[in-house]
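So, here's a batch of structures to check.
There are two complexes below, and they share chain A, which is joined by chain B in the first and by chain C in the second.
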Partner chain A sequence: MSAVVLKVADLRVSYRRSGGSFLALEGVGFELIRGQTLAVVGESGSGKSTLAYACAGLLTPEQGSVELLGRPLARQRAKDLRWQAQHLQMVFQDPVSSLNPRQTIAKSLAEPLLSVAGNARPAAAEISKRLAELIAQVGLRQDIANRYPHELSGGQCQRVAIARALANRPEVLICDEPVSALDISVQAQVINLLLELQQKLALSILFIAHDLGVVRRIADQLIVMHQGKIVERGPARQILSEPQHPYTQNLLASEAKLDFG
Partner chain B sequence: MSLLEVSQLKVSYPTRDGVFDVVRDLSFELDEADSLGIAGESGSGKSQTALAIMGLLPANAQVGGSIRLDGQELIGESERVLDRLRGKSLAMVFQDPMSALNPYMTVGRQIGEVLELHQGMSANEAAKRSCELLQMTGIDEPGRRSKAYPHQFSGGQRQRILIAMALACGPRLLIADEPTTALDVTVQKKILELLRSLCKETGTALILISHDLAVLSGMCRNLMIMYGGREMERGPSQRVLLQPTHPYTAALLRTLEDLHGGAGALAVIPGEPPDLRNPPGGCPFHPRCSEVLPHCSKEIPRTRPVRRIGDKQSHWVACHLEQEQ
Partner chain C sequence: MNGGGINATVGGRSLWQNAGERLRRNKAAMFSLWLLLVFVVLVVAGPWLAQHDYTQTNLSLGSTAPSLAGGHWFGTDALGRDVLARTLAGGRISLLVGLVATLVSLLIGVFWGAVAGYCGGRVDALMMRFVDLLYAMPFMFFVILLMVVFGRNILLIFVAIGAINWLDMARIVRGQTISLRHREFIQAATLMGAGTLTIIVRHVIPNLLGVVVVYVTLTIPQVMLVESFLSYLGLGVQEPFTSWGALVNQGALEMETAPWLLGFPALFLAGTLFCFNFIGDGLRDALDVKSDEDGW
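Moving on, here comes the complex of A and B:
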């Protein structure tokens, strides 16, 4: 089995807007290695979320290719979509709006189990066993299953969103700013959870972030994006200690740090 | 007398399920041209405190205690009086500059309106002064740009425009509530520098509110740490950061420092921020506190000066632990 789980080559995406088009991504390519975390850092408008959507097949690039486990993403047939959903899942920034407010947590968590099964619907007992596993895996109490999203805190909702993404044991997880909407004390908990799950489940993670702070602990490889292009890439530790591109240097220098006077 | 004196401030909301207190027993002072950073997580009551000072709380909010500006009591004051104070003596910069600006009005007109209303300027004078203010906050070609609409500016520029508007009448106190949270880090740095230099130049007192201690540490002479609607710790910034006395402050600092260095799992504060609908008894932080004492869950700790020998600095903490020592 190849070590590359997600391969992106020469991606180009542009959005139509009044009076022409806006080039959101150009010439972007990378490889995500099994069991590693690749972080994509950039400010608003850098194209990082567009990149995440293209990798998840949520938008079709004008040019370039995305290969998941050696297969190019194809969005035409239901069979392809099911296959893809089993191997790649996404966690979004806003945990509350990524859950259906009218469904209990148990129902939200069971949905992916049913949707990839096609006609071979799993037995109720099997589903409830897997639900219990998932809830325990993300460090929540079992009684959360019968609650609704509005009864949970933001951190708890993000844990549910992670559990839901992991329901079908995907190889690749795309996390688009998964902790930006959370309080600092809760951010660290969710990062630790992702680190722990990655080790336990050998997950490969594409981690999108706007700041370098959260990336420090989680990233093996790092890509810095600016205006739709990659300006710097390499091992995260190396870039964070010796940034080469002026933009990365500026990004690092602009980070708010504790000032003890 | 201090410029701002807040004493025993309480903000609560009546609902079908009872009355929820979002700010309780909050007291602090701010001197002329001084700066105070208020740090807290969501639900800590930091924004409610800002809105209470501005008199901008929703109509169903119940406010108790006292807020005095230059000795004048603001709680219970009429809208007419508050309208004269807001803009002239008190000004506020909000988190989201787009929704704080009127999308149908040129930015020059919006700034000019404040000047005409509070300083009785003519339309021409106000237009001229608007350009000067835009220039002061770093907007290039202010003459041309003052005729543009909010959507024609970037997020950082919009925040500059809001700062220009807030400082238009030379207020005594500026409250900035998470002014850079919606901005990119490179822009955040520039906006914070602008705020600091303008407040210094004009002698405006600043209350800066943020969830990020790192942002506050370089900007404010004093710090107040809030949690669950209460003040946990308050004092000179360097003192609070170097000798944190409340376990919550210490834990927050550990989390922050760990985020910037170290390896392996991150230091965390276990648990979740308190649910205001069902707050814990006693100290709001006790369910997550690593140094919790038996009576922390029963008794609310009073705010006391931190006792250190030969120490005249005003460093306050609300923690039973300090009392035990």
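Moving on, here comes the complex of A and C:
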């Protein structure tokens, strides 16, 4: 069986700006292997978040293709949307605004279960059982279910967002800088949680980051992006120890400076 | 405040509950709320409270001044009708117009604005150009035309005012929706396979309600004023029905000889308008996230 779960080829996305158009991605392509973590690093504006959104189908590329489990992404019909929802999910950068502020945590978590089921509404008991499982899985206390997002810390919200993303047991998880809005100590906890869940659920993760420390901890494969293009790719360990491209060397050097800074 | 504390509650406190608490601390708004409640109770219970029927004329008692002993606490008008009973009856129509017209504008405006804002692109452009088109129509001309074609009808006033007011509502809601559309929880919902309608109903509208509620409390008095204005022009409610606007209109004619005819209805009208404005102000402060000392 083919080990490639997400295949991106020749992606091109540009944004219209007042002074013409701005090329956010050009000629980007990669393959995400089952069970692995592919990290994408680059400075702000390098197009890495755009890449995440394009892979999730949240924006349509002008050119290129995204294949999920061998099927091109199509977000036209409700059936396709539901299919995609079961196989690919995303965790966003801002944990607090990833949750609807007017809904309790239980409601937010139940949503993926209900929307994938379509008309065949699962029984209430079944849902609450799965909710309890999900909450336990991300290491939260059960009484969080009746709370609202504004009553939770950023780290707790991000755990809820991860639980929600995993509710339908997707194969692919896209993480768009999931820890950059969190405190350093909480960052480590959330990263450890992701690693643990990846092991347990055989998740394939596309991990967008700008923090090389986080990448070092989690990535198998690494892509370095600069101004919408991939400048270097390969096994994470190799790139981080022997960067070839001057931009990557620069990134690593600036990290070192910060560490001693 | 311990709402955000870890072991304060197990139940969880919604943003509405927090806002309610802030509103309760706002004295002007709470006073207005109670006063408005008194007005509403008086107006609704009017027929049972007033000793006289508001349509009953008594020419021998024409234009008597208010007196407790005479039984006409607010006096009578030129036809000997009890002003208290008429004020309460007029209030029923005024408040009803305010509520119904606002409700009409609320339903159309919120849905229209949310759909336009959420769908964006060509749908948005088309829907909002339609709004612009209606905006360009002279409102009074529109109302007068309706009256001429369909005859004077209280239902028509509701519809006419509501049909104009939803335009503002649609614009406000659209603006809010556009700012919500790119929030992560909406994106997450689309990734979960939720349909457009589900997202609008479950995620967009509940998050707009704060703005909408404030706008509603400010629209009700505005609508009541429009109704008064229409009545003043003689296009509003017709005899035997009356409204505060119509009463003020009639009272203004006899202001010098019988000031109570103007004074009492005007007092009720102005009082109600003040109350709504204070409540709207209070709600705006209460729902404003930035004034939350709890933090998020």
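Here, the second predicted complex is superposed on the first by the 254 of 261 C-alpha atoms of A that agree within 3 Å, B and C clash if a C-alpha of one lies under 4 Å from a C-alpha of the other, contacts with A are read in each partner's own complex, and residues count from 1 in each chain.
One rule holds for everything that comes next: contacts are C-beta pairs under 8 Å (C-beta built on N, C-alpha and C of every residue); 3 or more make two chains touch, one makes a residue touch a chain.
Not measured: the values here are computed from a predicted model.
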Quick check on the superposed pair: does A:Arg102 touch chain B, chain C, both, or neither? Answer first, second, both or neither.
second
Tell me the contact category for A:Arg159 with respect to chain B and chain C: first, second, both or neither.
neither
For A:Arg217 in the superposed arrangement: first (chain B), second (chain C), both or neither?
first
Which partner does A:His226 contact after superposing on A: first (chain B), second (chain C), both, neither?
neither
Regarding the shared-chain residue A:His150, is it in contact with chain B (first), chain C (second), both, or neither?
second
With both complexes superposed on chain A, which partner does A:Glu111 reach: first (chain B), second (chain C), both or neither?
second
Which superposed partner A:Ile184 touches (first chain B, second chain C, both, neither):
first
Please indicate which partner A:Ser44 is in contact with in the superposed arrangement: first for chain B, second for chain C, both, or neither.
first
Touching both chain C and chain B, counted on chain A across the two superposed complexes
none
Could you pull out which chain B residues touch chain A in their complex?
41-42, 155, 184-189, 192, 211-215, 217-218, 237-238, 241-242, 251-253, 255-263, 265-270, 272-273, 275, 288
Which bits of chain A are touching chain B when the two form their complex?
43-44, 153-156, 183-186, 188-189, 191-192, 195-196, 210-211, 213-214, 216-217, 250-251, 254-261
Which stretch or stretches of chain C touch chain A in the complex?
3-4, 10-15, 183-185, 187-195, 198, 202-203, 206-207, 294, 296
Which of the residues in chain A end up touching chain C in this complex?
56-58, 78, 81-82, 84-86, 88-90, 92-94, 96-104, 108, 111-112, 115-116, 143, 146-148, 150-151, 161, 164-165
